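Next come the structures, one after another.
In what follows, chain A forms one complex with chain B and a second complex with chain C.
And then the complex of A and B:
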């Protein structure tokens, strides 16, 4: 119980209650999350690149958005539908190669590359989903892992002529956006401060779109059914719902997000490493999502931020950064099973409780 | 004929769990399936509702063969099931529970609407509200289902099964683990469902008092086989039943 509420006159506390109700109603709005994402992409780089020590850089900010898109989609599957895939590198790496090959052989327009990457991931997800989803739990995880490794060795060996094998794919050629706007073109004045350059708008724009799409999916009938499947699959079946198909859609949707991210990554790195198909990548996305907090939209974003920060910044200062990452992961999962976002959520509801005087 | 099974058999390896069971059920009938533990009652229901595939035999619903169909296909035809344990969505609110059930009832087994707002589905919200009101759970709609008292959980479970307005409802030991008061309420509820909604009910139950109160007919299973089928009075006087089920004790 805060002193503030104790000393508040009745009129004041009604005011607070009214404000809080309005705040709650606002938070319920879909546009709230989208505006939040927009505010985030404007503010985040300002803070992140200007930390007093161990500060980040713009290219890393963009990389965080790309991984965040991947993680948001992965969480639709893991957090909402309760399915652990251990082979999502297929969609990330597969789409990255598709975008790279498309840019080298046909046309390197960034939006088209993302489109090609997404379609590739959707097709792969449909095939692997149909083959893996017949089994549940650990069998599903192992099947997706096996398909992932098959793709990795395929890219490494038999398809080495096309993919560049162990060296990765180096032929990526990026054209200007829509054929005329160079990705490096910088904005002037206030726009420059807020949005930096065209490439930033591209990556941040896709990040905001991914948040908007995920929020809409979670609030559609699918969101309710995904959560119900995670909690009690058999009951959903006995409500007359085709669980298998809903799971397949969850799998394909998460594959599509991975495809967008994979395509963007090719644009960002102008290179595709064969490691993008390796099982470690599949593990990374599991760690990012769990670290950030499953079952929310912004949890995976927080996970991507923490993971990439440790991987790219802390690693420059400390040789055994993987140990730092491991310690961070264990600590968070131990103390806060709801992940980094769970901590934020906890603080928010405590403050909310204090303000409304719920505990009085 | 609403439901008819012919020679329904299920073998698990060497064990014959259900042995050529024939059941007939007319619309409006109230059938109870009784028998000692391990008699194959639940397995029989699981064969009918699609959770298990029979080794042999057929299930016909309204003259149509539904043998081996998936549970969701069978539910969509109007045959619903309430589970022995409160099979609900514990971490969703009571209202969300009813909404998921209403989605299944209003929009069939699958639809591609992952980009439409759930809040815009008025008929789903309306059906969820009616279902909860009917079960006396509307006041508790905003709390998580796992916080409900046990009796209310079972009621929510039944609400989920009833949201689709089934013509035939299987109730697997609906009063198991309930206090005498809760049991009384549940039996009242079952009678009300029968009368108000005209649902045909098949009950699996141990409690003889309940069985005689709600059933028009009783089928007795023993070691997977049906050994008797008749009115409560006929079953009461059947020497086979007394021998097999009650060890010769008078009911």
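And then the complex of A and C:
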């Protein structure tokens, strides 16, 4: 049928097909995702702060970017490499403490804090990764959970003098960016409408960087091997590649994203709660990523948006939001493994298929 | 106190702590060994044991927001501790059968990560249901009166009769399950499944029923652990994970699939925890992880474990 139509109106059909092909080619480009992220950080606050029950404060928008960075990194591990970690709170909380301690004792410059946080997370990820990957497959989730809890109890008990124990770490002192630009400084005019203030640029900037880095990793030959491991680990091993090493690298990369996010969170909250190391934090990032949709860059971002909106806004209206969230989580795992983003993507490809006239 | 006395004291305290971990770990270990199934929802069985057990033994106060909004007050059968200990394993055995049939089985053919995620989700739901109905605050699960005092063991000293009761109850339960697995056909299929699940299938043995039964037994033990552990650990919705993590460590240290492994792992974990509690209390909850890390580095398959075929 479609062949007949094509021959009947060749000019028109090739024209739309050409446009669609060009659109597809554009979508495939790496810069498209990055430009998309930039457009997102400009448009998103305008829409989000006008949602129902939202009282318009920007702090939550920044918090969403921070969690989104965490979730993007988590998805590199879960969605792309097929490894489920239940101990990512270690990297989030551990790096948050490192950033806090650094700011209190040495220097509170935000970029340096993020650097210290990231390095801490990488070191922690190396140690825990080596231990947790000793046993294959299903043990990974158990071991990461266990070592995650170990860090929580370490911070609570033996290291209590440094971390502040149950009260959390309160000595965070944030200096101006690069030593001279105050985080609260607001932009004037059109720049003010688009980018708000320096702190917004800091958090949104790191978010865009995280998207760019993740897209680069996923598109690289190295990232292709991550995805191959998720699909068929045995076959990758037969190709002569050291699966264990690739898994460790994926774990460390994912930990580094969590480290950036943890450091930013200390800057944002100016406080580190001991709960940031608790298994519930690890559970939250699992829920965010799975709800949003694993195996894509923007799925986890969608998850972070939905989760934080519900946690901070809807939780006031519905007392049992955690119960509802749990039920929603099970439903998604059971019936829609591709998550929210998977549903969006399904609609998109259906529309695309209809436009081009083939059903594939 | 004499040297012998303090050794016996340490041993009894270790056995009492280990008991609860062992009871929870056996179910985890068997489902891991036979079905390669990581069951976070196993902690929900412990929670069921604690909360339903409290309702049977004494009285459960419903103070959660939902319970208050529908006017649910206190429900208590006040039948006593032993009644709870007898009824709970039956209830959680049944819940375990339901869970195997309707949650685990649909996921046997799905990726490992999906199995873990769905059981984690179910644990969350159970935990939040408890918070919604019973409330999030810590409840008191008092020890039965007959075990409140102390028993004198002659020259060995005087010990809490409650600890001795825990040890006795656990020993009976573990021994019963051990004999069941060693000397029955169901147990034979389970042991064969642990050795090589694929081969059992290829030989044409329908392992569905043995797996179902063993899933139920594991759940029953976890429920019993809840009744026994209720008066020992705190009674809060998060205690499920609080017990699940050490139980996982027991499996890691002891090795998967055997009851002996769970017992050995449980005793080691308990000994480390109690030993540190006595000498360096701030480190007591950290030491067990260090033990697991050492075992992983030296003997990745666990002390009693065999290296698995599919890894």
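Following the convention adopted for this analysis, the second predicted complex is superposed on the first by the 335 of 360 C-alpha atoms of A that agree within 3 Å, B and C clash if a C-alpha of one lies under 4 Å from a C-alpha of the other, contacts with A are read in each partner's own complex, and residues count from 1 in each chain.
In the analysis below, a residue touches a chain if its C-beta (ideal position, glycine included) is under 8 Å from a C-beta of that chain, and two chains touch if they have at least 3 such contacts.
What you see is a predicted model, and the numbers here were worked out from it, not measured in a lab.
Peer 1: Contacts for A:323 in the overlay, against chain B (first) and chain C (second): which applies, first, second, both or neither?
Peer 2: second
Peer 1: Using the touch definition from the top, say if A:137 reaches chain B (first), chain C (second), both or neither.
Peer 2: After superposition on chain A, A:137 lies in contact with chain C alone.
Peer 1: Once the shared chain is lined up, is A:232 touching chain B (first), chain C (second), both, or neither of them?
Peer 2: A:232: touches chain B, not chain C.
Peer 1: Check whether A:22 is in contact with chain B, with chain C, with both or with neither, and answer first, second, both or neither.
Peer 2: Neither partner.
Peer 1: If you stack the two complexes on chain A, which partner ends up touching A:242: first (chain B), second (chain C), both, or neither?
Peer 2: first
Peer 1: Between chain B and chain C, whom does A:253 touch in the aligned arrangement: first, second, both, or neither?
Peer 2: first
Peer 1: State whether A:223 touches chain B only (first), chain C only (second), both chains, or neither.
Peer 2: first
Peer 1: Under the stated touch criterion, which partner chain does A:348 make contact with: chain B (first), chain C (second), both, or neither?
Peer 2: Touch partners of A:348: none, neither chain B nor chain C.
Peer 1: Which chain makes contact with more of the residues of chain A, chain B or else chain C?
Peer 2: Touched residues of chain A are more numerous for C.
Peer 1: Name, in rising order, each residue of chain B that touches chain A in their complex.
Peer 2: Result: residues 49, 51, 70-72, 75-76, 80-81, 83, 87-92, 96, 99-101, 103-105, 107-119, 121, 124, 160-161, 163-164 of chain B touch chain A.
Peer 1: With touch defined as at the start, can you tell me which chain A residues reach chain C in the complex?
Peer 2: Interface residues on chain A, with respect to chain C: 78, 82-84, 86, 131, 134-139, 141-143, 145-147, 149-150, 153-154, 156-158, 160, 279-280, 283, 286, 290, 319-320, 322-323, 325-327, 329-330, 333-334, 337.
Peer 1: Sort out for me which residues of chain C touch chain A in the complex.
Peer 2: The contact residues of chain C facing chain A are 32, 36, 38, 65-66, 106, 111-114, 116-118, 120-122, 124-125, 127-129, 131-132, 238, 241, 245, 248-249, 251-252, 282-286, 289-290, 292-293, 296-297, 300-301, 311.
Peer 1: Under the touch definition given earlier, write down the residues of chain A that touch chain B in their complex.
Peer 2: On the chain A side, the touching residues are 30, 216-217, 219-225, 227-228, 231-232, 234-243, 245-246, 249, 253.
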